[in-house]
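Next up: some structures, all given as structure tokens.
Below, chain A partners chain B and then partners chain C, in two separate complexes.
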Partner chain A sequence: MRFKNLDALLDALSLHDQMSLSFHHHLRNGDAVLNLVLEAILHRGYKDLNLYPSAIFPIHHTIETAIKEGKIHNITTNYINGPVALALKEKGLKGTLKMQSHGGRARAIIEDENTIDIAFIAAPAVDEKGNASGLEGPSACGSLGYVIEDVKHAKTKVLITDYTVSKLDNPQISSSDIDYLLTVDSIGDASGIMSGTLKPTNDPLNLKIARLSQAFLQASGMIQENVSYQSGAGGTSLAITKMFIETLKNQGLTASFFTGGITAQHVQALEAGLVKDLYDVQCFDLTAIESLRKNKAHHAISASDYANPNNTKRKIKDLDIVILGASEIDYAFNVNVTTDSYHTIIGGSGGHSDTAEDAKLTVVVSPLLKARLSLIKKSVSAITTPGEHIDVLITERGIAINPKRQDLLKRFENSPLPIMTIEALQALAYQFTGIPKPTVKPKKIIGTIESRHGQKLDSLYGK
Partner chain B sequence: MADIITVGTLESSDCMVSLKPSKTLEIKIDTIVHEAFYHHIKTVVEKILNEAELKNIHLSLTDKGALDYTIKARLKTAIERFKEANNG
Partner chain C sequence: MARSYLFIPGNVPRMLQNMDVYDADVIIIDLEDAIAIEEKDEARFLTCEFLRAHRPENLPILIRINSDEDSLMRADLMAIKGLDITGIVLPKTSLAQLERFTSMKPTNTTDLEIYGLIETPEAFFELDKIAKHPRIKGLMLGGEDLSTHTNIDKSLDEIAFHMPKSLLNFAAKAAQKEAIDTPVSSLDDAALIQGIKQTKTFGFDGKLAIHPNQVPLINTHLAPSKTAIHEARRIIIAHEKKGSMRFSLDGKMIDKPIIQRAQKLLDKAHRYGLLAGDAHAL
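Entry: the complex of A and B
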């Protein structure tokens, strides 16, 4: 059924208190759909809603207001950034906050742990049959990887678009999975969707981390023919990826695949024949979208095919190297990317714990000092990724190998690289910062962090 | 009466120091690492003020996670400029 008016659509849907609503985050901080729909539903007086957005961005002020007004019961998501995090800390939820990973969310939807009543799916382009794609339209975002499980498993599926064409060639969402279509004036703001041109860092400290990382990867013996690789889109990660690709070129090697968020840099490697396939859950720039349109070896994949632990065909099962970040890391190599050192949520796993568990070599890179706080703690404020899945920490002042990787320790025994224990690296940090007074853990629990298998990893705290 | 002397920035890992004349010694420290380092920073600031023999001053430090080197450098520069402005 097709609608040109949100109110008419809402009249047709069976709405009730305590219903579960899902949204995807491919439009990132340019998303207009979540606010539009949630505001209208709240305006109708529905309460105790359960939200399943795949991620929450600063633009999602409707969630912030609804939390303050006590209208949200549970929130289950993979990442939170901005005012919603502060509202959660101040007020908490009636129910609970659950932070999952990308692979964990896909698994939980498929296995009916996340039961979704209605999925409201922002669709950059829809054709006359009702098929959808992320590759065209004013709000083009490329891959729609994170919404594919919602499309297959929610009880009711609604496409919301601002751009209609007669026929889409390779739709990412099939009309047979869709119940309703709503056309609106605009689903997003392009400037908030794409990150612009992402550039490798030119900050000397981060460049030093990148150079040490490259030297470590080289010496690890992991860079071989058919190596597979993933990194984030931050400046340091991009610098490491740039050096990684240059190494492939200089040594006449071809990588088998890159996974995760795709940028121009990954595309250039593909087009230069330095990598065979790109498996893309999310496009970070326009070059990636353009490549997804034209390059046959650039594949849009679902979150389940990316990282669901119970999907034996998940791409990261064969991942050799992953480069990840950290807000905190501890003596046991547990990593926190969910909160800062004061228990305020600043992000979430995304694919962090997924890739860390699967990759053969999991490398965490970060500056040793973060505005006078040591990156390394005795124990982290929140465990996003258990230390057993982390192999090495690389900072500008030293490299710490996880003692569970005795093979790596042995390999680097006589290395000229600054290899030291994580405790020694922390002592180095304290030489600069002084010894911090221990922080007091808040008492009020507002939620949990879940592993991709559905086990509780840690608690999240309010004020 | 001298103007307020202000040095430093509010960039991450830097701090901003403001000095102005006062009848008594007043120290105001606002830091993003309050829980972990407030008392440590206060000791550093008091030591430098003591060495400079400044007692009739209002000091305001807004800290964005600066290390001691940075805090000392910003504060010493502020004190020099403050003394110049007041003796001049």
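Entry: the complex of A and C
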């Protein structure tokens, strides 16, 4: 059924209090759909809503307002950044906040733990039959990987688009999975969706981390023919990826695949024949979108095919190396990328805990000092990724190998690299910062961090 | 003897804090040109307090002091009194400047090495005497100031700048002191590599750097290459086997200067941890 008016669409849907609504985050901080839909639903007086956005960005002010007005019961998401995090800390929810990983969210939807009544799907392009793609239109975002399970498993599926064409050649969403189509003036602001060109860091400290990382990867023996690799799109990760790709080139090697968020760097490696396939759950720049349109070895994949732990065909099952970040890490190598030291939510797992668990070599990179505090704590404020899945921490002042990786410790026994214990690395940080007073954990629990398998990893706290 | 000498401004806490992370062989904390006149006190205070609390181990540290005004130079010397530093960089070095510095009171800096920054035309007419001065440890070419004083185009392709480079290196080598080349002002890697190539061609031992990101390239390119180390090792092994200062190797005549050069190269490689069994610098 097709609509050109949101109110008419909402009239047609069976709306009720306590309903569960999902949204995806491929339009990132340029998304207009979540605010548009949620505002209209709240305006109709519905309450105690359960939200399942795959991620929440600063632009999602409607959630912030609804939290403050007590109209949201539960939120289940993978990442929160901006005012919504502050509203959650201040006010909390009637129900609970659950932070999942990308793979964990896909698993929970498939296994009916995340039961979604209506999936509102921002679709950059829709054809006359009702098929959808992220590759065209003014709000093109590339892969629609994070919404595929919502499309398959929500009780009701609604496409929302601002761009229609007569026919899409390779739609990512089939009209047969869709119940309703709404056409609106705009689904997003392109400037908030995509970066023009992401650049590797030029910061000397982060470059030092990148050089140490490259030296470590090289010495680990993991860079071989058919190596597979994933990293983020931050400046340090991009610098490490650049060096990794140069190593492939210099040593005449071809990687089997790169996965995760895809950037121009990955595309250039594909086009230079340095990697066989790109498995793309999210495009990070315009070059990646263009590549997804034209390169046959560049595949859009769903979150389940990317990281669902119960999907035996998930790509990261075969991942050799992953480069990840941290806002805190502790003596047991537990990593926090969800909160700051004051328990305010500043992010979330995304694919962090998924890839850390599956990859053969999980490398965490970060400056040793963050905002005048040591990165390394006795215990982290919140566990996003358990330490048992982290193999090594690389900072500008040294490298700490997790003692559970005795094989690596042995391999690097006589290494010229600055290998030390995580406690020794922390002592270096304390030379500058002093030993901070321990923070007091707030009493009010507002939610949980969940492992990709669905177990509770840690609690999230309010004021 | 070092490859890279990195200038960092004395009033930037983050750079002071991370001076040992940048991998420079020598750090030069700048109290002179990088610091505006109204920020001199702050830079002096921050530098000295930082070094008293956090001086990195095993890292040679030089301080470039002010030289234009007696009051500034004296204030610098007062501040660095008793500080654990390796030496000072003396701007606009001439015999007169050396005399002015060494006689300035109060100071107990008599044990500090002096690196003479050669950046005025006058200095080139007494370069041999400056180099032989007992307090001088090395000569540094200050290309920007020299260019200003002489109207020479500092562009790397300009042959006119070759003469000061050669003169400085000859004077330093004649006095068995270090010769350190002027920095490349461009932050472009290609320009830096071209500059380092010239540094090597003219026989300098090290090069000044004005940004931490210049250090890895300088260290890599001013260290002996694997091929050069291999060749030098073969020459020394053949020399030791034959017990002679004159022999042929692969159809090439080897004599004393070549053997000495090979030994110097191996010594240098050892210094930078590049020989088997050395701790490799990253």
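The rule we apply is simple: the second predicted complex is superposed on the first by the 463 of 463 C-alpha atoms of A that agree within 3 Å, B and C clash if a C-alpha of one lies under 4 Å from a C-alpha of the other, contacts with A are read in each partner's own complex, and residues count from 1 in each chain.
One rule holds in what follows: contacts are C-beta pairs under 8 Å (C-beta built on N, C-alpha and C of every residue); 3 or more make two chains touch, one makes a residue touch a chain.
Bear in mind that the values here come from a model prediction, so they are computed numbers and not experimental data.
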| item | value |
| --- | --- |
| Chain B versus chain C as contact partner of A:439, first or second or both or neither | first |
| First, second, both or neither for A:342, with chain B first and chain C second | first |
| Partner chain in contact with A:431 - chain B first, chain C second, else both or neither | second |
| Which superposed partner A:370 touches (first chain B, second chain C, both, neither) | first |
| Touched partner set for A:416, first chain B, second chain C, both or neither | second |
| Common interface residues of chain A - those touching chain B in one complex and chain C in the other | 432 |
| Of all residues in chain B, those that touch chain A in their complex | 12-13, 32-33, 35-37, 39-40, 64-68 |
| Chain A residues within the chain C interface of the complex | 202, 204-205, 207-208, 211-212, 215, 396-397, 416-417, 431-432 |
| Residues on chain C engaged by chain A in the complex (per definition of touch) | 17-18, 21-23, 54, 211-213, 216, 273, 279-282 |
| Residue ranges of chain A touching chain B (in the complex, touch as defined) | 341-342, 369-373, 432-434, 436-437, 439-440 |
